[in-house]
Amino acid sequence: VEEPLWKTDLNAACQRIKLVAMDVDGTLTDGRIYFTEQGDFIKSFDAADGWAFAAARKAGLILALATGRRSETVRARAREFKVAPYNVIQGMNNKGDALKKLCRLNNVTLEECAFIGDDYVDAAGLKVCGLPLAVANAPDEIKALSAYVSNHSGGDSAVRELLVWLLREQGKLKQVVDWYLAQ
Amino acid sequence: VEEPLWKTDLNAACQRIKLVAMDVDGTLTDGRIYFTEQGDFIKSFDAADGWAFAAARKAGLILALATGRRSETVRARAREFKVAPYNVIQGMNNKGDALKKLCRLNNVTLEECAFIGDDYVDAAGLKVCGLPLAVANAPDEIKALSAYVSNHSGGDSAVRELLVWLLREQGKLKQVVDWYLAQ
Amino acid sequence: VEEPLWKTDLNAACQRIKLVAMDVDGTLTDGRIYFTEQGDFIKSFDAADGWAFAAARKAGLILALATGRRSETVRARAREFKVAPYNVIQGMNNKGDALKKLCRLNNVTLEECAFIGDDYVDAAGLKVCGLPLAVANAPDEIKALSAYVSNHSGGDSAVRELLVWLLREQGKLKQVVDWYLAQ
Amino acid sequence: VEEPLWKTDLNAACQRIKLVAMDVDGTLTDGRIYFTEQGDFIKSFDAADGWAFAAARKAGLILALATGRRSETVRARAREFKVAPYNVIQGMNNKGDALKKLCRLNNVTLEECAFIGDDYVDAAGLKVCGLPLAVANAPDEIKALSAYVSNHSGGDSAVRELLVWLLREQGKLKQVVDWYLAQ
């Protein structure tokens, strides 16, 4: 069995990343799902994560969402994040399969993908990707599968923290931040 | 007066459990009820508790909800949790009576039931069941009635913590977690 | 100038209380007002406060709400709390005038009223009542006007804490709690 | 290059301020944007900030909002805050340009404007105004651009803290608070 690159050279694994996919509930949200009496769902997303999506796009990264549920709220949020509709995979329970589909659609390899998760259902995605990442609120077994774990929890800027960390590893952070500071 | 089994042998009391019933507001939620100007309610549930419901079902436990209120949001959440509609008892103020009804419907004894509560109104349910459980935000008198109290508060993974604890006591946790990690 | 009774004998001031009026935003809620794109408001109330309303009613206290805003959400919440519709005063900016109106409607004196507030706009109510109470998140000048300040913040069981404290001062708490524990 | 006045004499810079403009998401809110399945947004604002808007208005300050997004929720909130409709700038990504527009509309100079922000996108506004202010949750580079940083986070009374601080610097706080306490 071959060791994944991130175990021996984390920065090299980061340098290869072209696509960052992530779970939604508990990762991009705090896990709370609001149920109305009409049977609709409401979820809250963090505007601070929104900045990180814009910054990562500026730096050339492809962003994608992969969730086992199906909800219009995720499509609406993805539109705001400017994630391409074909990069929003909903209703696919196996995150490994979702990631393989995203690779085909974007013509990248699994080694060129990072995946961010927060729970046991994300294990399959974390195991097949080139850079497995977890949020602070993930269970220990999920953190153990990950190359890097955020200090922030999902929905509270965890994704921003991980994207900023990745951009720094890739040497692209300063340029993006400077662009904003120079406006 | 006979001592309940959980006072003398907690693990044996856990081994007998076939059904876990629980209160909703303050137990499966953080107690916040959002009122709209149309007079509707909105409640938030924790996606992390959702995983625990799926895991407990995989391990063969029956899950049930018992609340004194009535709301479509609870029915919608129960559907997502895959709780059978007849195991959602709404509008019954006495939780002891609700638990007895659940026993009849599922052909189990009170000793085979756990009940999770967070407030004084849950006392009647906690007193008649085989394994009374409370969340961190419960008042002291309710904690005193309980065999085990979670460290997490209701709506913030308290139910997940208690279900994971019960599965561990029943020796079923590792198998369920391994199933997810092996996907 | 005569000192108010609560400064010299707090328990005696508590014993006289027949009606407890309170502000809404920041007192019964955490102060967050959710605005929808349709221009509607949503506010969240704490189910734990709901138990305290029921307990105070059982102990014979009259409960009332006084807010400077107007919103259907407050009427809906009051209905759930079983507060009489005429005891919900909305749109009256001066809380002292609101409290005087509540006294007339309920045939009680200002000395027989407690008032719970969280902000400068509640000063007029706190100054005229027989038992001024504040929540943890109130500014210092408001706390200085109050006979007792909760440890909990508004919307996070502050009202429950204050009502439980008042029932204890009035010697009625144990009976109410025992009623629930005996179900 | 001339040093801005706030670097050499902070109180003098405060004394000149006639208009306070601010970002919305993450500054007047906690950054959470709630997405419904109908594709609508919901945002929560803090009633405590509402008092500060009223107090600042009483003290003669002009208040304005500048956000890169567009949403009816901001217009509804502004109406409640009694911010003049022409002082709500939406959909303008460059906050410096938004601030210049607000100056023209209100016949004030940039030196007479304060700007409150929470993220990189607010840099342009902070750099051109006479009193740049940031909230506790802002990134370090944004705090470094600011004359003063709140201890509270956006949506959790940060704007109230900053407006109260400014009124105190301008010597107007006591009069406004006393007005409320004297009701």
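Letters are used for the chains, namely A, B, C and D, taken in the order the chains are written, and counting of residues starts over at 1 for each.
The working rule: contacts are C-beta pairs under 8 Å (C-beta built on N, C-alpha and C of every residue); 3 or more make two chains touch, one makes a residue touch a chain.
Everything numeric here is computed off the predicted structure, so don't read it as measured data.
S.K.: What is the size of the turn, to the nearest 5°, that moves the C-alpha atoms of subunit A onto the matching ones in subunit B?
M.R.: 90
S.K.: Quick one: compare the interface residues of subunit A with those of subunit D and tell me same or different, with half as the dividing line.
M.R.: Different-residue interface.
S.K.: Calculate how many whole Å lie between the centre of subunit C and the centre of subunit D, each centre taken as the average of the chain's C-alpha atoms.
M.R.: Subunit C and subunit D have C-alpha centres separated by 32 Å.
S.K.: Taking each chain's centre as the mean position of its Cα atoms, how many Å separate subunit A from subunit C?
M.R.: 45
S.K.: Where in subunit A do residues touch at least two different other chains?
M.R.: In subunit A, 34, 42 touch at least two other chains.
S.K.: If every chain is a node and each touching pair gets an edge, what shape is that graph: line, ring, star, complete or other?
M.R.: Graph shape here is a ring: one loop, exactly two partners per chain.
S.K.: Between which chains does touch occur?
M.R.: The complete list of chain pairs in contact reads A-B, A-D, B-C, C-D.
S.K.: Which subunit B residues qualify as touching subunit A in the complex?
M.R.: Residue positions touching the partner: 34, 40-48, 51, 55, 71-73, 76-77, 80, 155, 177, 180-181, 183.
S.K.: Could you pull out which subunit D residues touch subunit A in their complex?
M.R.: On the subunit D side, the touching residues are 25-26, 29, 31-39, 42, 94, 96, 119-121, 123-124, 137, 141, 145.
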